[in-house]
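Below you will find the structure I want to go over with you.
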C-alpha cells in the first residue's frame, strides 16, 4: 500500500501547457513547487515505510484492536497525495500558502499520531511482541515514536507562524529519521546476538 | 487488489480552485462530502479486506466455479471508487442525493451478496474447506455473512426513504463487522487449540 | 500487474455532471457503455490472469528471450485501459463505433498473440517446462492458446462488419475460456497424481 | 513499485475528442507520440526491473545507507511517467521538442546514476554481497552499470544536438541491456555450479 501511495504522487503533476510565445523550460521551472512537494512526500512516505517495515518485524501477533488502528493508520497514509497536490498548487500563492502548509503538516502530524498509537498498543506490556525482545530496545523505539510525533505536531503549529520553517522541519525530520535508525538497528543485532 | 482500490480512492478528491477573493480554508471545508465518502469507503473496503483475509485462510482448495465468483466479487470491489466519487459530488445536492446514496449503498449491497455467495460456495458441505475446521465455526461465519448481506440490502432500501439513515447504517455496519470478529477469531484459536 | 491494470479500469469512468433540470439517474443510465466496457475488460483481464496463473505454474525455468516476450506481453495487458476508455466514449456514436471496437478487439487479439507466443516459446520441446509434465496436457494447452488467438483475431476482423457481433464474441470467449479450463485443471491433477 | 509505475503509464494517454466532421482514426493516428512514449518508457522500466531483479538477488544484506540510496532510486523510477507525458505532448512541436527530450533523457540518465550508485555501494568490497559470489562476475556487472550510465548521460547530451538521435540511442540501450545479460546470467549459473 505504501508502494501504491508513493507511486501515485507523480500523477498529481500535470503536463504544463505553453502559450503561443512561451518557453516549455520556463513552464517546467515554474512547476518547482510540484517537484518539491513530490520529493518531500516521497521522502516522508519512503522513510515511514522503511521504519515501519523494520520495527513491525518485532510484532509477532495481531488482534482486532490492532487491526482497527492499522486500518486508520493506512487511511492517513493513503490520504497524503491530496495535501501534496494542495501544497504544489498553493505554495507560491501568499494568500493561501499558510492554509496549504497547515493541511500538509497537519496530515503528517496525524500520521505520526496513528503510527505512535499503533506502536504503543503493540509494545505496552509486550502485548503483541515476543518476550525475547530486549526491553531497552522497546523503550528506545517508544522514545523515537513519541519524539517524532511531538516534532511533527510542532511542524503543524509552526506552519501558522512560518510555512517555510514548517516545511524545513519536515524535511529535516525525514532525514533524521533515517539516520539514527542505525543505532536501533545495531541494537536489534546486539540483542539478537547477545 | 484491495490495497490498490483503497489507495485509488484519494485520486477522486481534486484540489479545489479558489476564486479571486475566496478563502482556501472555506473551499477545503466545502469539500467535506469528499472526506466523508473517502473515510466511509476506506473503512468499508478495509474491514472487508481484513475479514476476507481472516476467513479465507480457512479455504484450502479452489476450483473453477470459485474462481469465476471470485472474479465477479473483485469486479464489485474495484467498482467502489466510482460510487464513492458520485457520493462526494452529489451528497450536498438535495435533488440528486437519493440517487447517489442509492447507487453507493446498492454497490455495497452487491459486494455483500457476492462475498456471501463466495463463502457459501466454499463452505457448503466443506466443499473447499478442510474437514478439521469446527462445524460450529463455519455456521457462525455463515450467519455473519448472511446477516451482513441482509443489513447492507436494508441500507440500500433505506436510501430511498432517508439517505442519511442509510449512510449511518453503513458506517455502523463497518464498525460492527470489526468488533464481533473478536469472538470468531478466538473461536478459531479455540478450535485450533482443542 | 494484472491486479493494477484491472483496478485502474474504474478510473476511466468519470462522475457525470447533471444540467439544471436534468436527472442524475438519467445521466447514470446514459453511462451504460462505460459499465459495459468496464465489465468486458474486467472479465477479459480477470480470465487471462487466472489462466496465466494456472498454466505458468508449469513453467519451471526462465531465460532472456522469455523475459523479453514477457515484457512485451505485459505491455499489451497494461495497454487495455486505453481502448476500454475509447470504447466507452464512442460505442454510442455511429460514425466512430467501428473504429473504437476495431481498436478494442485488435488490442485483445494482440494480447492473445503475445500470450500464445509466450506459451509456445516455453512449451516447445519442453524448453522451460519440467519433463515430468504430461505431453498430452501440453498439446491440449497449445491447442487452447492457438484456438483462442484465432478467435480473437476473428473478433477483430468481425468488428469491421458488425461491432456488436465482435463484442458479443469477445464476451463469449471470456466466458468459454473459464469453463473448459475445468478439463485441463483436472488433467493437471491426474498427471500429478499418476 | 515497478509494476505500479509501469501500469500508470497508460493513464497519461487521454481518449481523443473528435470534431464534428473529424475521423476517430485520424485522431488516433495523430496520437502516435503517446504510443511511442508509452512503448519506450515501458521498455526502459521493464528492462530496468528485470535486470534489477536478477542482480539484486546477489545482495544478501542491507543497511541504512543502502536504504537511503534505494529510496532515492525509487523516487527517480516513480518520476518517469511525468517526462513520458511531457514527451507525448511536445515531441511533434518543433519549438519545444528539444526541452521535452532533454527532460526525458535527463530523467533516464538520473535513474542510471542512482542504480549505478546503488550497485557500487553494495558491491564494493563485498559490502552487502555474499563472499561466495565470483569476483569476476561482480566486475562484469560493475562494468555494465558504469557503461550504461555513461551511455544514458550521452543520450542526455545528444538530446540538445538531435532529439531524434537521443531517443534512438535510448531505445537501442533498452534492447542492448536485455541481450548481453545472457552472458552474465550464464556466468551466474557457472559460478553457482562451479
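Order as written gives the chain letters A, B, C and D; numbering starts at 1 within each chain.
Going forward, a contact is a pair of C-beta atoms (placed from the backbone, for glycine too) under 8 Å apart; a residue touches a chain by one contact, two chains touch by 3 or more.
These figures come from a predicted structure and were not determined experimentally.
Note on connectivity: the fewest chain-to-chain touch steps from chain A to chain D number 1. At the interface between chain A and chain B, under half of the residue numbers involved are used by both copies, so each side presents largely different positions. Rotation angle relating chain B to chain C: 90°, from a CA superposition, given to the nearest 5. Inter-chain centre distance (chain C to chain D, centres taken as mean C-alpha positions): 27 Å. Chain A and chain C have Cα centroids separated by 39 Å. Residues of chain A in contact with at least two other chains: 4, 8, 11. Those residues of chain D that touch chain A in the complex are listed here as 1, 4-5, 8, 11, 63-64, 67-68, 71, 74-75, 78-79, 81-82, 85-86, 89-90, 95-96, 99-100, 103.
Interface residues of chain D facing chain C in the complex, by the touch rule stated above, are 3-4, 6-11, 13, 15, 18, 23-25, 28, 38-39, 42-43, 46-47, 50, 178-179, 181-182, 185.
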